[in-house]
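These are the structures in question, set out in turn.
Same chain, two partners: chain A is paired with chain B first, then with chain C.
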Partner chain A sequence: MIKSKFSWANLYLIFIFVLLYVPILYLIFYSFNQAGTMNEFTGFTTEHYEALAGDTRLIRIALDTFRVALVSSLLATVIGTLGAIGIFFVRQRRTQSTILGLNNVLLVSPDVIIGASFLLLFTMAGFRLGFYSVLFSHIAFSIPIVVLMVLPKLQEMNTNMITAAKDLGANNWQVLKSVIIPSIKPGILAGYFMAFTYSIDDFAVTFFVTGNGFATLSVEIYSRARQGISLEINALSTILFIVALGLVSGYYFVQQQQRNRKRKLTDVDPTNHQKAVTP
Partner chain B sequence: MTSKQNKWLFFPYFIWIGLFVFIPIGLLIYQSFIGLNGTFTISNFVTYFTSTTYLKMTAQSFLYAFIITLITLCISYPTAYFLTQTRRKDLWMLLLILPTWINVLLKAYAFIGLLSQQGSVNSFFDWIGVGRQQLLFTNASFLLVATYIEIPFMLLPIYNAIEEIHPSVIHASRDLGANTWETFKNVIFPLSLSGVRSGIQVVFIPSLSLFMLTRLIGGNRVITLGTAIEQHFLVTQNWGMGSTIGIVLIVLMILTMVLTSGRKKGVRKL
Partner chain C sequence: MKQLIQLAFAVLGISGVLYLGSFFIEHSQGASGTDTLNIFNWGDYIDPELLEQFEEESGYRVVYETFDSNESMYTKVQQGGTAYDLTIPSEYMIERMIEEDLVLPMDHSKITGLDNIDSEFLDQPFDPDNQYSIPYFWGTLGIVYNDQMVNEEDITSWGDLWNPEFKESILFIDGAREVIGIGLQTQGYSLNSKNDEELNEAFELLRGLAPNAKALVADEIKMYMIQEEAPVAVTFSGEAADMMWENESLHYILPEEGSNLWFDNMVIPKTAQNTEAAYAFINFMLQPEVAAQNADYIGYSTPNKAAMDLLPEETTEDEQFYPSAETVGKLEVYEDLGPEYIEKYNDLFLEFKMLR
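And then the complex of A and B:
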């Protein structure tokens, strides 16, 4: 009885799994199609990849996208991590939850609202739309993500360590550098990864603040997809899929390693009472 | 840690809150009171609430978001529940949320290929004898693709909520004689409702504001609040009206969050 029920469950899971992957694999499959359409597979070719390699406009846009993602996620990580530390050390509970509420405004707002209000901000300030407006917008919507990733690690942190460090004569900078940052490192890394992927994937906000001269991959794919099928986009999606796979596995590898290291650390942790009492 | 030296470190963060949280929302509210001729007026709101076109659009957008959320929930809940029963659940979960790491535009683009007049789905229909249909640029295709994109976002919070349930609660239920269904109905489902609520939040609010899918897949047959805002800002350049719709969207968003927030019950923390 139980056995047959379980196989139904597995069947359902496999069905959902296939459903989620069919469109992606479909794109990748037809990127090798000689016919140049996504309907009939007439023969294997890599010509669309060659076309992609020769498309200087698209390559420039891809590089721009990565540049924006790298810089914005880095700056967002720095500002967000320091912000999270600031929030953590706020004494009053009410102030803390108010700041957290403000922090979450950009996380829950629909992309369209963020995009439109940023567009208003940039035009009212007389800021030219282009690379920098996109960069600043990406930093802005990445910061709350970093804060959310770092804050739980701060709450897990052993605050006695800070007191101990101060007792031993460390100044604030040393406390930050040698005690706080090392213990929240996994959170910072996770925040950086999330900010990076949010930046790469963003379409709506970028679409509003990008102006004429500058485009990211999402915006470019949108304008090309409106014109119809071009297998160059398929080839591009294969590459982006591999990049995403790499990022995800890299992220999980790093997390796994952190977890293992933590386990090793707790084995020799002098504050571990069992060990301390029975040497 | 609250000495003056450290205050400087947090300075950029508070600048950010001011510059990118307070000011943009303030500007949006301000702009919603600016008419087409640049004067301060409430005419945008008057136009919005007296025009049947705008009200119908809002109702339609709401309805679509509701349907998308409902279908996603119906598909995701069993998936999340079955996932927690499998042995290698972490790996499965990773595989199921991996598609969210693929650019949404590419997923939409894939559906253009799948659903087009000569596309694979139509070839299949032809082959089984149904004949080719108009699939792309219909309301159904919009619902299909929107649901497809939102499934992992619904899946994740529900999965986490079910995972959080302490196993001893389930053991206790079984010990007291409940069968699988009774345990599910009286123990697991009520305890997983917090996940369902946050799932509804993360799906419903973006569904109200989808604007690129409405054009690429819906062929502009479906106008959501998001499409309307985008059109007003980037096409007709009527920023005042766009901001007004934006304010309506924010109000709807806050309403959704209030309705789905619910009190956290003490049972959850074990």
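And then the complex of A and C:
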């Protein structure tokens, strides 16, 4: 059968990807613009990158943004995973769906409302706005996301394994450590990365709870936009985009290597598979 | 499990490094003193070099944060939980903050250099005798036109906007008081009119202006005018200065009938923890050299008379940005109208919007 090279499906795919990537490429292109605006390209320069390197305030905010994202998503993953396991093992169906419903309400409710309620809560409790108020609110809005990412993996899990482990004398901690966590690991990692990206690009909630000199990138860029976005922001976005690209390709590379190694093992010893099954 | 725990520690390690990074940046610049000054200012509204200079001279460490609108600044201050020592709201917001007891009265014995400020800009109705605020920048509302598309003589007043030649070509700033104000001032009424008849008259007049409007927009005006999408726009002087910097064909004029005069003043909010540092900063900003450098960087009009001598002549002689005393006399500052009339203005403005 001769495969024709042209297909509508491929064309559609290319069209969608162009649509998604062109704005970013446009932004990157103009970060090298000699003129100070995005109106027309007058010449190549790296002066915006130099200006960025000199803008210690923006660099500090970028570092702080990543710090909040890393720590908040870590804590949210721990809490969210335990929460998902808890929800999974609730006996009564009604209670389970109620808890899950309460979890999902937080996911769909507008960020503005969540942000405003955090502001009220923090000020009522006399809590100083700053790093910790941002951190806590990010943890709070990330937990439902993690729960939602981990729960399907729990449902896929073979529950007979737990019964078997208990049969063999494992206590609850051992069941959690050696059976449940390993089988939901992909979900936990996915939850972590989702929480991380949510935390990085959140504006609405963060906007309400920043203060006392602490800000994140989205809030800072928004305040600066009043004067028209300077190309320094383009330069920063370009760097962030390249970092993200590096992370994704690094992840892909590691995964590919792991897969190759596994394949090699099975190639070298064809009985390997059987050995693993028969004790 | 082991792998997950390793990952968790790796994450904690990285965030520790990030913390050290930001800690290092924060302490390597300027003074390392523990005495801090928290400033809450508009985005991109000060020359960053001046902050460093202030840190060196005074020994205070500046923690600088920005806001994008008077309202968001107000919320942060009013809610508490913050410790801003100094902030720079516009005049109507200052009036509101004074009423709600959100700003501290200034101790004038601690302020030096107030006499550098032009007396035109002191003792304004929103803050009599400057008990609470010190001028930072000021500006006007006016008309920007493109000399490639419009003759200079064709636009000198608000009344010229009604010219049928400008059908569907004027950009207006999206603000109730600004647009209704055009109708009021064209007939010589006050911008703060609380007279229903005058307001209705103004609105009837604006009815005729509606066909000339191309759009009611906010910050986009700057971009549209630079890209020559429209020949005429009604906007604020600071915005106009930015546009003219980018496109040399643009010019700014103050209408003959008069216009709005706005202020951004420094105030010490109730949340202040370090008023001494705030006074030090106010005194620093009042110095002529500092005010001149800041005005040169931002491009807005400085109220500092002594600083004007230090600015390039082509800036200070520009009648449109530093109008003569006679013109300044015709300018009017917005006063707080009270909820009833704010609503009235908004209703009329909404009706104006519906005309298109």
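Going forward, the second predicted complex is superposed on the first by the 219 of 279 C-alpha atoms of A that agree within 3 Å, B and C clash if a C-alpha of one lies under 4 Å from a C-alpha of the other, contacts with A are read in each partner's own complex, and residues count from 1 in each chain.
Everything below uses one rule, namely that contacts are C-beta pairs under 8 Å (C-beta built on N, C-alpha and C of every residue); 3 or more make two chains touch, one makes a residue touch a chain.
Since we're looking at a predicted model, the values are computed, not measured.
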Overlay on chain A: chain C relative to chain B, clash or fit: clash
Touched partner set for A:Leu27, first chain B, second chain C, both or neither: first
Per-residue touch tally on chain A - higher for chain B or for chain C: B
Touched partner set for A:Leu119, first chain B, second chain C, both or neither: both
Which of chain B and chain C A:Ala165 touches, first, second, both or neither: neither
Which of chain B and chain C A:Met149 touches, first, second, both or neither: neither
Which superposed partner A:Ile188 touches (first chain B, second chain C, both, neither): second
Touching partner for A:Ala244 - first (chain B), second (chain C), both, neither: first
First (chain B), second (chain C), both or neither touched by A:Leu217: first
Touched partner set for A:Leu58, first chain B, second chain C, both or neither: neither
First (chain B), second (chain C), both or neither touched by A:Gly86: first
Clash with chain C, by chain B stretch, listed 115-123, 151-159, 187-195 or 259-267: 115-123
Touching both chain B and chain C, residues of chain A: 37, 39, 78, 119-120, 207, 222, 225-226, 228
Of all residues in chain B, those that touch chain A in their complex: 1-3, 5-6, 9-10, 12-14, 16-17, 19-25, 27-28, 31, 75, 78-79, 82-83, 85-86, 92, 94-96, 98-99, 101-114, 116, 118-120, 123, 148, 151-152, 180, 201, 205-206, 208-209, 211-212, 215-216, 225-226, 229-230, 233-234, 239, 242-243, 246, 249-250, 253, 257
Chain A to chain B touching residues, read off their complex: 5-6, 9-10, 12-13, 16-17, 19-21, 23-24, 26-27, 30, 37-39, 78-80, 82-83, 85-86, 89, 91, 99, 102-103, 105-106, 108-114, 116-121, 124, 139-140, 143, 162, 172-173, 175-176, 197, 200-201, 203-204, 207-208, 217-218, 221-222, 225-226, 228-229, 233, 236-237, 240-241, 244-245, 247-248, 252
In the complex, chain C residues that touch chain A: 1, 3-4, 8, 11-12, 14-15, 18-19, 21-22, 25-26, 29, 38, 42-45, 48, 63-68, 72, 75-76, 79-84, 219, 222-223, 226-227, 242, 246
Of chain A, residues touching chain C in the complex: 36-37, 39, 55-57, 59-60, 63-64, 66-67, 70-71, 74, 78, 119-120, 122-123, 126-129, 133, 177-178, 181-182, 185, 188, 207, 210-215, 220, 222-228, 230
